[in-house]
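In the two complexes below, subunit A is the common chain; its partner is subunit B in one and subunit C in the other.
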Partner chain A sequence: MSESIIRYSGRQARAIKTFLGRFLGYGGAQVGLVCLAFFIVVAAVPDILVGPLQTAINATGEFLAPPSSQHVLGTDEVGRDVLNLVVHGARISLTIALLATVISLVVGTTIGMTAGYYGGVVDVWLMRFTDFFFVMPSFVLALVITPVVVEVIGRGQEILGFRPSLFVILVVIGMTSWAFVARIVRSQTLSLKERTFIDRARVVGSSNFSIMVRHILPNLVPQIAANGALVVAGAIFVETSLSFLGLGDPLQPSWGTLLSLAQRAGAASAGAWWYLGAPGACVLTVSLSFVLIGNALDDTFNPRRRVIP
Partner chain B sequence: MPDTANILQLESLQVHFPIQGGLFDRVLGRPAGAVRAVDGIDLSVGRGEIVALVGESGSGKTTVGRVITKLAQPTGGKMLFEGRDMTSVQRASALRPYRHRVQMIFQDAYQALNPRHTIFDIVAEPLRSLRLVDNRKQLADRVSEALASAGLNPPGDFFARFPHELSGGQRQRVVIAGALAVKPELIVADEPVSMLDVSIRAQILQVLVDLRHKHNMALLFITHDLPLAWLIADRIAVLYLGKLVEIGSADEITFQPRHPYTVALLNATPQMGGDAGRAEVPALQGEVPSAARVPKGCRFHPRCPLAFDRCRQEEPPPIEVGPKHLAACWLAN
Partner chain C sequence: MSRRIGSILIRAIITLLMVAVLNFVLFRVIPGDPAALLLGGARTSVSAEQIEVQRQNWGLDRPLFPDQVLDYLSSTLRGDFGYSFKFRGRHVADLIVERLPATIVLVGLAQFIAIICGVMLGLYAGWRRGGAGDNIATGASLALYSTPAFWLGMILVVIFSTALGWVPGYGAHSPGAIAGSLDWLLDYLRHLALPVTAVALGLVGQYVVVARAAMSDVVTEDYMVTARAKGLTGGQMLMRHAFRNAMLPVVTLITLNLGYVVAGAITVEAVFAWPGIGGLTVEALNARDYPVLQGIFLLLGASIVVANLAADLAYGLLDPRVRQ
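Our next item is the complex of A and B:
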């Protein structure tokens, strides 16, 4: 038996290799992965790359100085190095986007799978509940919740390592993006549960819970992975927009917060293109990478059907 | 030979699927119809007996199998298992002892195996979910044993494989092994060989027949193939549009059929050596009518070459035409 276990891992490895071979064959996947890897490294070790986050107190440069050999991406209105800010912003932006995606995938998959599997009344009520979140505007929700949470928690406090406004953004993005995942998962579950192996699982005495976890969930992974990447792209975009509206936290600046600061400092009319351009280009690149990866995953898992939301 | 006590008894079993009427029908108060997939069946299976349920597609034979394995809920009638009424038992925990004793073999072996599970996990699933083993050693032993008795040797070679790495015949053996793992007393086999190559059919049938001899296991063999039913079964029940038209010992049904439908089914079988010795009944015309619109009178009369007035008005009851041989036909006497 030990021999077959060894062969088992061999087979797994071969399956993964085939998958990677096909996935990496897509140009979009290559571009996306390279860009993403770059930003993940940047987000992982910002202090080593550009030193600690600069504030108005330890700012080193002139006000709104254009790019030079000393400040590769110029400086902002209080003399902080824009490169330093952008590199530190990567961490906040990516963390919020990924955590929001996790919330969205967990909630969306649970609700979509339950609704699809049980059907009937459960399906109707869960899907009406989903519709409610489907139409809920994340902007309005965040604008309403943030002051309440900040008031309750207190300005200086942190929730799970995030300052209150960032935590609100995180939860709001999660809350408003799971409905889309739930719908996709539900439709896939509806077709999976008609397969004969679900009938067989019932005949051999498996419980509903074990049928969902052991039979349906593994067959949903392709859909969840492909759409998860698209949800991340959406989350980055929403996070940037919310921060731009001023819901971000100046002490933990994300790319959206930087754009907001740049806009308030009049960077556009002052001709400080580097101040607006740097965070903007980062948001664009990262969202695009996730979309490219998501589409490549979708194509790999499911070459015949293509769903772009 | 099988003893006489019945392990399974169906009493006027009925499965009707309601048809949702359109908005128009509902506003006008028209009654919604129903698909009468199974429309009053009396059938028993003895301990260690092989009963074949024969019918064309649409006759309701698969639905009968699904009711017995509790995948479908009957809308009427009763199902007794060893004398106990199992008709309305639905809770998973209450069904566990029943699942332990009644298993199913599916028609499409590829569809019936989760593509992401290994053969070991597939065969072990009933043992795990019904909590029939205490430790991993026991589990591995039971899985090996089941694979071996389904003819997959050596069993260890199959543990780590995935369904797509096996041939059609091997997959069907895995499905059989999964059903055997719990050592059931009754197996419902829904067309277990219809998707297989002819060369493999005989081997799979042999596995099923051997099991009966070794473990005194009863088998409800669902098929559309009357000669195959004769080959394997002790008794044959012929189903037409949700009702049994004839039931009797395999030999009597095959060599002395009394219902025109059985005769027509036998005549429709291609045979080597020409048509010598066949009954003078013309071949069956047309299709099985929809189970949503069952004909009045005898449900076979629109296709019956021998139909007369009474057949169009009254439905014939099962008439005893021999020892344990019933035929539902006005001409059977």
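Our next item is the complex of A and C:
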């Protein structure tokens, strides 16, 4: 095995180089990557940039003060610095969206690959199951599942560093947004399993599991990556909407929670555009970045069949 | 043909059943028995025997499966969704029916505007692919596509209601308006302006994107080259050949989209305190009024399934190739 890796490494490096050249040639990909890099840095070290998360107790400003040299993005209804809130919100929003996407990709790939590889009855039933999640929007499912599950597990202790409601939102988004990925992975697996190299692996005596993981999965990476970027954009959207409706946690405010707080404080009718403008603009930028990156990936891998132009 | 319709119907029924079963399961995993939950407010004065009698009345002493599930399914089929916690004693079905018209007006009007503007713009952008108009339209619609509609609503309130004072940004009627008069209607329309704009803007980006993609696919087809070779003008090619073929995916998307439209409208309604299903959802969420929440979920699920059914059937009518 190690020999073959060495033998092919030259070709692999060349392929990666061609891919990067074409991918970075798209203007959308460049804009998306730059914005995303910025937000990831911000999310990684919020404390260094703006200090610890402000609360009503250690708030530093006036109530609902417009932007000034001291508070670049103004303050909220209890005098907290909006820049501070938005920077800390980046960490919450991005982590939730990315972890939800990981869950969604793992579930979607597993189900799609199993259905496509085994075919027959397994395929029919798995796809019928997938149909349900394909038809029902993640937001609608999450809207009813989240409050119930939060009630069941209680609102007390943190789970893996998340407040319970955020952890539930994260898992629920992941578990309800995989259907699209499953469908694409399945159709790709259907064509891959007919190829000669799969026959060769079977003749050599590889098990079904090993064929799926070592031979089919690597060939699915392009589709999974391109759609993964779109799944992240969707996850941000759902998380923001759910938090806006009050399912988030004020102790770990995401951008959606900030918008919810702004709405409850009557920021719109008070004309406090800085308070509601900042988190929304962040949601717009990040989710647009992922859409642009997803499109550019899709164009690079598969110029003829595109999800979105 | 009939075989295709049969399998579509079976899929729709299975999906609806799964919605109903999910509803049942969710409601029953909440800690605490429904009887204890409902009588909880008066826990001290209610004896254990009384709770036990209530449990028997409601059939809670029988096994979950199959008795309780079947009970639930049959009462749901009869339109009995139970009683609200928050609005004491009110039927969930009544509450939903009461709020439905406001949402239908909002969503219907917004859909209409978004379809007209979005599809036209998208088809044009795809027809003139690569031009300046295309680039602007595509960029703007991708940005709109990535923006939560409710945030657009908040921005609209800040600009057009708070700063400029042109239209109200809250509720559906001014206080003291008399129902039925012309003034009342105008007042209603003024209240409707911002929510409709927000929902429509949230949809228009997606329609532009899909209509543009459909049109750019059609433009590269062989029959378009043939049409050009026959000597048809650009306008004739667009109307006779390109338009109808490009509309195929667009019609499907618009029908399939219903679930997302209503879901988007929920958050927009929350911004404007619009007295529709979205407003009801927020009230139910805040009061943890599960029966109402379950009823709304059932309504959304059913309308999504019906929309999908309509899309599948319409596709067969529009595209003869699918019928075989």
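Quick note on the criterion: the second predicted complex is superposed on the first by the 275 of 309 C-alpha atoms of A that agree within 3 Å, B and C clash if a C-alpha of one lies under 4 Å from a C-alpha of the other, contacts with A are read in each partner's own complex, and residues count from 1 in each chain.
We take it that a contact is a pair of C-beta atoms (placed from the backbone, for glycine too) under 8 Å apart; a residue touches a chain by one contact, two chains touch by 3 or more.
Computed from a predicted structure; not experimentally measured.
Once the two complexes are overlaid on the shared chain, A:Leu143 sits against subunit C while remaining clear of subunit B. Legend: residue contacts after superposition of the two complexes on their common chain; A:Val203 is shown touching subunit B, with no touch to subunit C. Of the two partner chains, subunit C is the only one touched by A:Trp273; subunit B is not. More subunit A residues lie in contact with C than with the other chain of the pair subunit B and subunit C. In the superposition on chain A, A:Asp47 contacts neither subunit B nor subunit C. When the two structures are aligned on the shared chain, A:Arg195 is found in touch with subunit B, with no touch to subunit C. Touch criterion not met for A:Glu158: it reaches neither subunit B nor subunit C. Subunit C contributes residues 11, 14-15, 18-19, 22-23, 26-27, 29-31, 138, 142-143, 145-148, 150-151, 154-155, 157-158, 161-163, 169-170, 209, 212-213, 216, 259-260, 263, 266-267, 270-271, 281-282, 285-286, 288, 290, 293-294, 296-297, 300-301, 304-305, 308 to its touches with subunit A in the complex. Against subunit A, the residues of subunit B that register as touching in their complex are 69-71, 92, 95-96, 99-100, 103-104, 106, 108, 111-118, 125-126, 129-130, 140, 156-157, 159-160, 162, 175, 178, 182. Every residue of subunit A that touches subunit B in the complex is listed here, in rising order: 1, 3-5, 7-8, 11, 195-197, 199-208, 210, 214-215, 218-219.
Of all residues in subunit A, only 128, 131-132, 135-137, 139-140, 143-145, 147-148, 151-152, 233, 237, 240-241, 244-247, 259, 262-263, 267-273, 276-277, 280, 283-284, 287-288, 291-292, 306, 308-309 touch subunit C in the complex they form.
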